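Chain IDs A, B, C, D and E follow the sequence of writing; residue 1 opens each chain.
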Amino acid sequence: EPKKDFKVAWSIYVGWMPWGYAADTGIVKKWADKYGITIEVTQFNDYVESINQYTAGAYDAVTVTNMDALSIPSAGGVDTTAVIVGDFSAGNDAVILKDGATLADIKGRNVNLVEFSVSHYLLARALDSVGMSEQDVKVVNTADPDMVGAFQTPDVTAMVTWNPMVSEIVKLPGATKVFDSSQIPGEIIDLMVANTQVLADNPDFGKALAGIWYDTVTVMASDTPEGAAARAAMGAASGTDQAGFEDQLAATKLFAKPADAVGFVTSPDLSKTMDHVRGFLFDKGLLGSGAPSADVIGIELPGGAVLGDTGNVKLRFSDTYMKLAADGAL
Amino acid sequence: MTALTVERVWKEYGDQIVLENISLEVAPRAFVALVGPSGCGKTTFLRMLLGQEQPTRGRILLDGAPLPPEPGPDRGVVYQRYSVFPHLTVLGNVMFGPELRASRRLGRTFGATRRRIEEQARTMIGEVGLEGAETKYPAQLSGGMQQRLALAQALMMQPRVLLLDEPFGALDPGIRADIHVLMKRLWNEVPMTVVMVTHDLREAFSLATRIIAFERTRTRTEELERYGATITKDIVLWPPRVAGQRTMFEIDTLPGRDDPALFAAPSGTTR
Amino acid sequence: MRWINRRPSRGATLVLHCLPFALLIVAYLIGSAIRLEANPNDKLLPSLATLADTVNRMAFQPDPRTGDYLLWSDTAASLWRLFAGLGISTALALVIGLLIGLLPVMRATLAPFIAFVSMVPPLALLPILFIVMGLGEASKIALIVIGVAPILIRDLSLSAQALPREQIVKAETLSASTWLIGLRVVLPQVLPRLLTSLRLQLGPAFLFLIAAEAISADSGLGYRIFLVRRYLSMDVIFPYVAWITLLAVIGDRLIDLARRRVFPWSELEGAR
Amino acid sequence: MRWINRRPSRGATLVLHCLPFALLIVAYLIGSAIRLEANPNDKLLPSLATLADTVNRMAFQPDPRTGDYLLWSDTAASLWRLFAGLGISTALALVIGLLIGLLPVMRATLAPFIAFVSMVPPLALLPILFIVMGLGEASKIALIVIGVAPILIRDLSLSAQALPREQIVKAETLSASTWLIGLRVVLPQVLPRLLTSLRLQLGPAFLFLIAAEAISADSGLGYRIFLVRRYLSMDVIFPYVAWITLLAVIGDRLIDLARRRVFPWSELEGAR
Amino acid sequence: MTALTVERVWKEYGDQIVLENISLEVAPRAFVALVGPSGCGKTTFLRMLLGQEQPTRGRILLDGAPLPPEPGPDRGVVYQRYSVFPHLTVLGNVMFGPELRASRRLGRTFGATRRRIEEQARTMIGEVGLEGAETKYPAQLSGGMQQRLALAQALMMQPRVLLLDEPFGALDPGIRADIHVLMKRLWNEVPMTVVMVTHDLREAFSLATRIIAFERTRTRTEELERYGATITKDIVLWPPRVAGQRTMFEIDTLPGRDDPALFAAPSGTTR
């Protein structure tokens, strides 16, 4: 049913910092007012909790990666649409070894990572690339805020994590980045997703989200004093400074122009990526304990093609709102 | 008319019979001393008079009417310890009962009512000899002063029956003598019936008008559970003491009050 | 002379008081020096200069983004949550604890349930909590309440039950109703004990506060610690931890002082 | 009759005991039914059937990946850590607590420091702990020790100090040395109190265990809860939380039973 | 030879002078009763004899040698309460001292040593009339039995001086009479000097060979802090009692022992 008040959750990560900046600087209010709605933007320190809250219905939209969107809300029966494809990771996620020069050295080690996260996926893809599998290593679940500290302990010799931890860890003596997401470009995608039903009933909400996003990233990506100030503010909000933030940004392929994002989602590569992802999730039993195959959940791509079960489409990639932004029709 | 009537009362705790078939009539304004070996059920009996426990069989009447099943302001009590409220001052403790009675919502009074109660309380504090200690807390008083305070507190309610459970057992002998004098005076002046449990025969003889001894008559181990205590002695003191009257024979303020012949009771009742 | 009978003099006591703190500081300085020599960029044990710098930045320089003095705004946010959480817990403990302690019927109904609830690990139920209470202040305060209130309730009901039965009977002979017994006999006597329990729960309350702020917040002491933890900024974490400890110690002292001021008789009681 | 004097009968007591639990279950079932109607795949409040299914899978079916029965292997891992942590805490409390309680010199040296340490929020110091102790079992056990030991030490030293001075003097007149006073007079009398403090620390110990396992582990009850939290599998979290609560309640009862068995006189003492 | 010598002893707590210039010679095997009003420093004096407190000025000699500065096995003590260890059985309490003395490492003995100590302990338990209660814990004993136990425990060490601080103050009168008989017998049989603090003049007169009264001579409020208590009375009983001998005049097992004339002491010293 149509409504006026919407809640958006975001968590602290380089690709999502614009949401906090937009809320702080009034961009959110500007766009909400334009469509006669209100949007409450809530910051989470804990990424998983933000997705859980969205899945449980407490929020209308949330920032999430493509993989987690499939494994958490979609597998939890919440029909979810990706409104904005903000960026993909091009180095933000990495496999780091202590005392090892190449990825092959990882064989037989304990690998510390957040289990079932994109790090886990990255590890699987990395091992794949050198003909190994997860059987060749032992995974130890480790909480993301503690990665930097954990890496300095003697018994940790291999780690998969993301920024800002990666940039802290590679500065440590003995740390070598042996694989990162730039080697699987476009596979780890950072999205803003919304509940499909809510979006269908309130297209204005989707338009407002797109408006906010592109307004903000335009400022942020610009090489002006305002742009620098925005990046500094985002850096401070994520606990670092402007330089640290720009480091992280450099490892992120940000779609500052809506047309680029549209191009990305409509390319056939997305289907290939999602197939990889769902295969990985099915392997780990994350598509539901009784799932017979990776096809249980249908993934709709822009244009209407469906990957998997067409009767159970729960994740949809849409170019509608980004296209409106690209066309200046917001 | 009889103040207290106890009719064929039994008290059992589970399988254990504590009191067996107690019948008793206590005249108004009597001062009954209850003695007996430890564990024979004196406190239990007092608790039943108070309404804190119910008899298993039999019944207890107060002025002819059955006793209400819970303690109330017509029966006052002074225990050996825990008799005053540690969080109230002396004045607060003495005013407590009347304040509760006057204010059912807050338990506090203000203005004229309060002044009236306070005045009564100060008079009572004077009666028991605690003037000057009004603002002290019980923990700042000696044991003897605490028991005086407990008496004053109970008397403020003008109970028809005052129940005392070894009230002076914890006191030093000197202080005990003082408080005996006080107790006797209060009993003479306030219209009430007193029942006092004591371990001290001397105390019983120097205060009471009547002494009742509880005892188990069967004491073989295997019988202990099955048979309770009964009244084994019921001595009315001679010369009789009557409340409000000073008899010629009033002995207990004379130096000879401790004449051993008077309290050479049969051994075993004082344990 | 036996060691048990040897009492250090005034001066020696003072020195001994400070000794372990001094040792801790020295150990830190040595560890810090060693690590910084090996890696001048080491963040685990920052030097005193770095620490002082950070404290100055957090406490006395306005944050460029928000214009706040971060340490103070974090403290204000956290203390507000803490007060609210402890206040609600105390109120709950007073009402429920007294009911349980006073009325046999309530005791039968609630005591086993409270005993059970006090054993539930609150952190594991965080997701539910956030969904029911939302992410605002409510859920953070609720976590403190859930963690602290059952213990307070149990303590309070136990100390209400520990009052000698004789006092209750005595109050009845002074014409008190159940309500008046609760209000005028039991309540004033358990309040000092409640303050003491509250002191003991200050530590756990801070713990739950930090845990809640770690999930979702945009200010607060726990929020800051978890935010900078990703960068292992121990130069922020150490001062914050020290500051939290100091706050807890001050709170502890203040509550005890309040107890002694407001309930002078409770001190006498203990002295007997 | 006043409410304070109304005692429910045996049967009524039993019914009242169960009432809040029954209400809780009914509330859950209603909530679950409502949510499942809106979204049959809802994971927040799974149906009883789903819960039973999951319990069966976790407890009685081997995990396809490792071949373990997950609930039992998690329980074993967690209980081991818990026992180790509580054991070390108890040992520390015995040694340090007795020293503080017994010797004025140690009291002057350690008491203020322990009071300070007990106020430090342990979760905030986790990074240090991990770096010092490594990511293995040691750091998880250490977190429990850091969280629990200061409280136990303080409790124990207070109860050692609370022993009447007359007993110590008496022991001296019976030719006891400081060592013998500690061993034969103070230690046996504080042990029952130690067990009681330990019971009260079971809840916090589980809390710290879960927090530590959430940081880094590959098995354990807390690990599983935080792992499945990633996809909001409340059908796993609820049974695990209930199981942890049950374990804590059982532990509580066992320790109390042990106290009464091993120190029969401590019961008598209380009964007086 | 003199057992205990107190030479010009002062005791001050901060500014408050508690005891002022006490000098005293106590003969070996004397039984000294110490009386005086509450707070006059009786317990403090006993504590100094015990070595638990040090005199501010002056010194105390035991058989001519200065008193060690801490309690030791040559001086036994029985307090009004807290006198036995609640975690040990009756037998354990009585064996405790000898076991500690025999085993400095563990405080426990085994084998032959243990049997020897246990035998002595059982004899002592018999002496004080506690046979049959060997396996009970103190909390299972009545107050009188606990004090007997405390006596037995102290006597096992064969102290040269036995110090008693109101040891029977908490007991019922009947029980107190029993224990007085026991106390007298033990004093006759065991070679020791006894110093007993009591509030009860009757007790003092029925047990002691010598009664010493402490009192403050200046009692104006502003003087209370500045002047301590001194010895105001020092009565050697007549006919003299001598340990180990039964005199013809031994009165306290006769029925007339409570003759009031004997204890009509000046008022004010009993509290």
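In the analysis below, a contact is a pair of C-beta atoms (placed from the backbone, for glycine too) under 8 Å apart; a residue touches a chain by one contact, two chains touch by 3 or more.
It should be emphasised that the depicted structure is a prediction, and the values quoted were computed from it without experimental measurement.
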item: Set of chains adjacent to chain A and to chain D; value: C
item: Chain hops separating chain C from chain B, counting only touching neighbours; value: 1
item: Relative orientation of copies chain C and chain D, as a Cα rotation angle in degrees, nearest 5; value: 180
item: Chain whose Cα centroid lies at the greatest distance from that of chain E; value: A
item: Rounded Å distance, chain A centre to chain C centre (Cα mean); value: 37
item: Distance from the mean Cα position of chain E to that of chain D, given in whole angstrom; value: 48
item: Averaged-CA centre spacing for the pair chain E and chain A, given as whole angstrom; value: 83
item: Chain E, residues touching no fewer than two other chains; value: 70
item: Numbers and ranges of chain C residues touching at least 2 other chains; value: 2, 44, 127, 131, 172, 177, 229, 232
item: Two or more partner chains touched - positions in chain A; value: 52, 56-57, 146, 148-149, 152
item: Chain A residues within the chain D interface of the complex; value: 48, 51-52, 55-57, 71-72, 75-78, 112, 115-117, 138-143, 146, 148-150, 152-156, 286, 289
item: Contacting residues of chain D [partner chain B, same complex]; value: 1-2, 5
item: Complex contact set, residues of chain D against chain C; value: 2-4, 6-8, 12-13, 16-17, 19-21, 44, 102-105, 108-110, 112-113, 115-116, 118-125, 127-128, 131, 151, 168, 172, 177-178, 181, 202-204, 206-207, 210-211, 214, 222, 225, 229, 232, 234, 237, 240-241, 244-245, 248-249, 252
item: Of chain A, residues touching chain C in the complex; value: 9, 12, 24, 42-46, 49-50, 52-53, 56-58, 144-149, 152, 164-165, 168, 171-173, 232-233, 236-240, 244
item: Chain A-facing residues of chain C, complex; value: 38-39, 41, 43-44, 63-65, 126-127, 130-131, 134-135, 213-218, 223, 226-233
